[in-house]
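The letters A, B, C and D name the chains in turn, as written, and every chain counts its residues from 1.
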Amino acid sequence: MADPTQDSRAWWRTSIIDIEPGRIDIRGYPIQDLIGRLDFVEMIWLMVAGEKLAPGRRDLLQAALVAAVDHGPLAPSISIARMAATCGVGLNSAMASAINVLGDVHGGAGQECLTIYAAVDERQQAGMAIPDAVEQVLRPYLDKRRNIPGFGHRFHKRDPRAVKLLALTEAAAARDEVSGRFVAIGRGIEAWLGDQKKTVLPMNIDGATAVIFAELGVPPELGRGLFVLSRSVGILAHAWEQTQQGGRIKGPVPPAVGYTYEGPQNKTDE
Amino acid sequence: MADPTQDSRAWWRTSIIDIEPGRIDIRGYPIQDLIGRLDFVEMIWLMVAGEKLAPGRRDLLQAALVAAVDHGPLAPSISIARMAATCGVGLNSAMASAINVLGDVHGGAGQECLTIYAAVDERQQAGMAIPDAVEQVLRPYLDKRRNIPGFGHRFHKRDPRAVKLLALTEAAAARDEVSGRFVAIGRGIEAWLGDQKKTVLPMNIDGATAVIFAELGVPPELGRGLFVLSRSVGILAHAWEQTQQGGRIKGPVPPAVGYTYEGPQNKTDE
Amino acid sequence: MADPTQDSRAWWRTSIIDIEPGRIDIRGYPIQDLIGRLDFVEMIWLMVAGEKLAPGRRDLLQAALVAAVDHGPLAPSISIARMAATCGVGLNSAMASAINVLGDVHGGAGQECLTIYAAVDERQQAGMAIPDAVEQVLRPYLDKRRNIPGFGHRFHKRDPRAVKLLALTEAAAARDEVSGRFVAIGRGIEAWLGDQKKTVLPMNIDGATAVIFAELGVPPELGRGLFVLSRSVGILAHAWEQTQQGGRIKGPVPPAVGYTYEGPQNKTDE
Amino acid sequence: MADPTQDSRAWWRTSIIDIEPGRIDIRGYPIQDLIGRLDFVEMIWLMVAGEKLAPGRRDLLQAALVAAVDHGPLAPSISIARMAATCGVGLNSAMASAINVLGDVHGGAGQECLTIYAAVDERQQAGMAIPDAVEQVLRPYLDKRRNIPGFGHRFHKRDPRAVKLLALTEAAAARDEVSGRFVAIGRGIEAWLGDQKKTVLPMNIDGATAVIFAELGVPPELGRGLFVLSRSVGILAHAWEQTQQGGRIKGPVPPAVGYTYEGPQNKTDE
């Protein structure tokens, strides 16, 4: 019969961190050897992927995380953080309520992009030309009138963040720091969408960060996690700013504006 | 009478980000000028503090954020992230449930340290010697048998993270990158506690990151927010690892171990 | 051009509650006419569904909500609540971290049951016999080796909660308070599963509450919401109890038991 | 040496629920004896307090929970739930983000009321007249210009919910179902505030539910938990309604209204 202590000790197992009194090793490295040597992005990668990150690839990850930190107080995640900050909860809770809504729709676009890029890449690696691979993967989206994440933007005709990220990635590919396969796929999707929709739908921040994550081998679900880390910065900044501005139990619109009631009137309870 | 559109537009106001179609400025800087130029830590500082960060000060902030990312799967925040990952919610939700508990006790130690350091510093700036200032600020803690955050550790006699962080901070002070005032205060508290308690209570990770935050002028509440950003990395890494390990609706201990019921038995409902 | 005040006032619209100074109407009823007249379950239904609930149907909903409140400290949602309560956050935050994980796997079983029951019911209403309808809906689950929610239980051979709920529902059907269609479907699925798997897989709490929700016309996603309301009670009770027991930053297992590290050792950072 | 299995089994202990295969007892009662016998409020009380609730007292708790379910889409908790519902997260997560902000300010007013009532009651039980007890407890609030929770309301001159709750409580006291001590204290505070502030500050929903909780012996922190259970109903109803209305990544104000940027312009990154 198994030793129950052994069973309990094996219930939680990890390859990330080893802790003994006076010793903390991260992925096998004594933590004091990493502090002051790794930057925060290198540490993020070591923690989630378990590897060191070559400088050129680190710079791309840095750029992606920098680019996605914020999109203003009308984004639900940011708005939630600001309202929470007026409700007498700590910054940790304001941040939690906010990052919680970076779900399939608000934060998951990048995750779905990664899935699409991987599907195109799989076909390309098997010999298909990119335009045909894109057609095969994206035709069902158009047929079912499904939103294609990563391209176009409700607000920006051209997303300045995506333009810069793609340029940095192309330069890194030119230096052989990344393969460049996914830049080509992203460009291929842009071109195909332009033909299909008779309008330009340039890559947006989700599509561009997904190109970088794909170049680095980040699986789709983890891509969402990295986006959350990035957006947490904007969430913290806005929650903190709101704390400084004051306000108490602040709702979404001024009280004088109010809301519309469209339900029944004058019901009696019999 | 005020223009109500103007009132609604002024309901949410910020100095962090300015967005127009095709333009995103962070603290006045076009974001494409920051992507590929600022690293993630410089971006964090620009977002929360609104300023650029000198390289030496950036390196200290980097070190603090790297040092605090994780303390293993028995920390409630990490454990919550791992259990949540087995419940069919996205990484964003696993992360949210986890960072939510970095409250006064689990994550707020650094925040309280900052308050203590500020109180000692205030007295020191007014002419009091550090030992006297420390005595004045911390005597009430001892009298009320209150836990003094930042010093001592349930597990580590000497916290390797704190040792390294203090060394880096002292070196930065020697280069005039920071004042060094708070290193002296931290050392002063260590010494005073040693006298009072007849046992060594060296600075721990909370006390050491608080020294760095204090040197950088970070207010206490924001110190907690920065700790949350750091710990989010460990939370993401563990949630992601658990996703890869599998497990479905995983509880805290193995089912075979169970829990202890200590309530009434055999009640009938009359 | 539209009046922008009007646009802002129309941005949030609801049929649930109408508030003017001194007046609060819920679905058209002055709230003071409901307080002391409706019980909490009748209020829940009025709020979510906008209708009054006949007494027999209210009693079934009451039974479902009572039955699902708790399944002990090894359930992740309950464990998270207890650990959070030791971290210096308020009960609201302990509850939030916990209910957040009642997702597709931990709390969504009932939602998926409702979808299955609706699919069987649709076919039955179109003239198909229940066994054939069940075969058509559930065969793909077996083929893809997918878990069928609502039947069987990791722990209970016979779930005492499901037995009672089904009995109450059958009695209500006998009194014409509900149609009884979904009791028949639930029984039909039990029978079919018994044939397929050569083992008894009786309905569990998720399957039984889903029968009641289906009889009441509750859509699947809302069924998950009602389960969350119910489980919130257990979450609150356990968080409160843990607060009374004490404990500070309590992890999933005793420190002496620890966890298993299975990653690399002795790495040097070059 | 202690048996480590025993240690692990004793790590989590509870008096709430006892689970064996085929058996679930709540506070010692087989759950199937409670389903169909206890209403939801009686179950809530049994779970959190461990006792049965006499019918008159149950009716008061029922009334309090019914009264506090909602205060409209401009309340941050409700607004957060609605915005979250447009972000592709499940109802459980929309609810979690929302209840998380029922903190010291937004949901904790009732908790602070309970503390105030207890302080007045302590003095009254020791022989002090209510007006003197109120003066002693509340004078420091006025001196420090602190908000006194439970009385007055930003929106309602007279809160219809509080009027009804107090009437029900007075009637219950007349029937000896509760002592009525806290109704007297509440009235005493109303009177004292009227004298001090030269304006009427009638009891609001927080003050009135706190009277009921105090009559039932609910400790302050648990009072907040019960308020959260109640408000969860409004949160669920609004999140569900928003799901039905549609909307995708919906922010706090219409995009055409926007927000005000008040930060620096035209910075260059040197």
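Definition applied: contacts are C-beta pairs under 8 Å (C-beta built on N, C-alpha and C of every residue); 3 or more make two chains touch, one makes a residue touch a chain.
Just so it is clear, the model here is predicted, and its values are computed rather than measured.
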Set of chains whose contacts include both chain B and chain A: C, D
Shared chain contacts [chain C and chain D, defined touch]: A, B
Euclidean distance of C-alpha centroids - chain B vs chain D, Å: 30
Chain B-chain C separation of Cα centroids, rounded to whole Å: 35
Chain B: positions in contact with at least two other chains: 4-5, 8, 11-17, 19, 34, 38, 72-74, 79, 89-90, 92-93, 96-97, 100-104, 107-108, 155, 252-253, 257-259
Arrangement of touching chains [line / ring / star / complete / other]: complete
For the chain C and chain A complex, residues of the former touching the latter: 5, 8-19, 25, 27-29, 33-34, 37-38, 50, 89-90, 92-93, 96-97, 100, 252-253, 257-269
Chain A-touching residues of chain B, taken from the complex the two chains share: 4, 7-8, 11-17, 19, 21-24, 26, 30-32, 34-36, 38-41, 43-44, 47-48, 59, 62-63, 65-67, 69-74, 79, 82, 90-93, 95-97, 99-104, 107-108, 155-158, 160-161, 163-165, 168, 221-222, 224-226, 228-229, 232-234, 236-241, 243, 245, 253-254, 256-257
Residues on chain A engaged by chain D in the complex (per definition of touch): 4-5, 8, 72-77, 79-80, 83-84, 86-89, 93-94, 96-98, 100-108, 154-155, 248-253, 255, 258-259
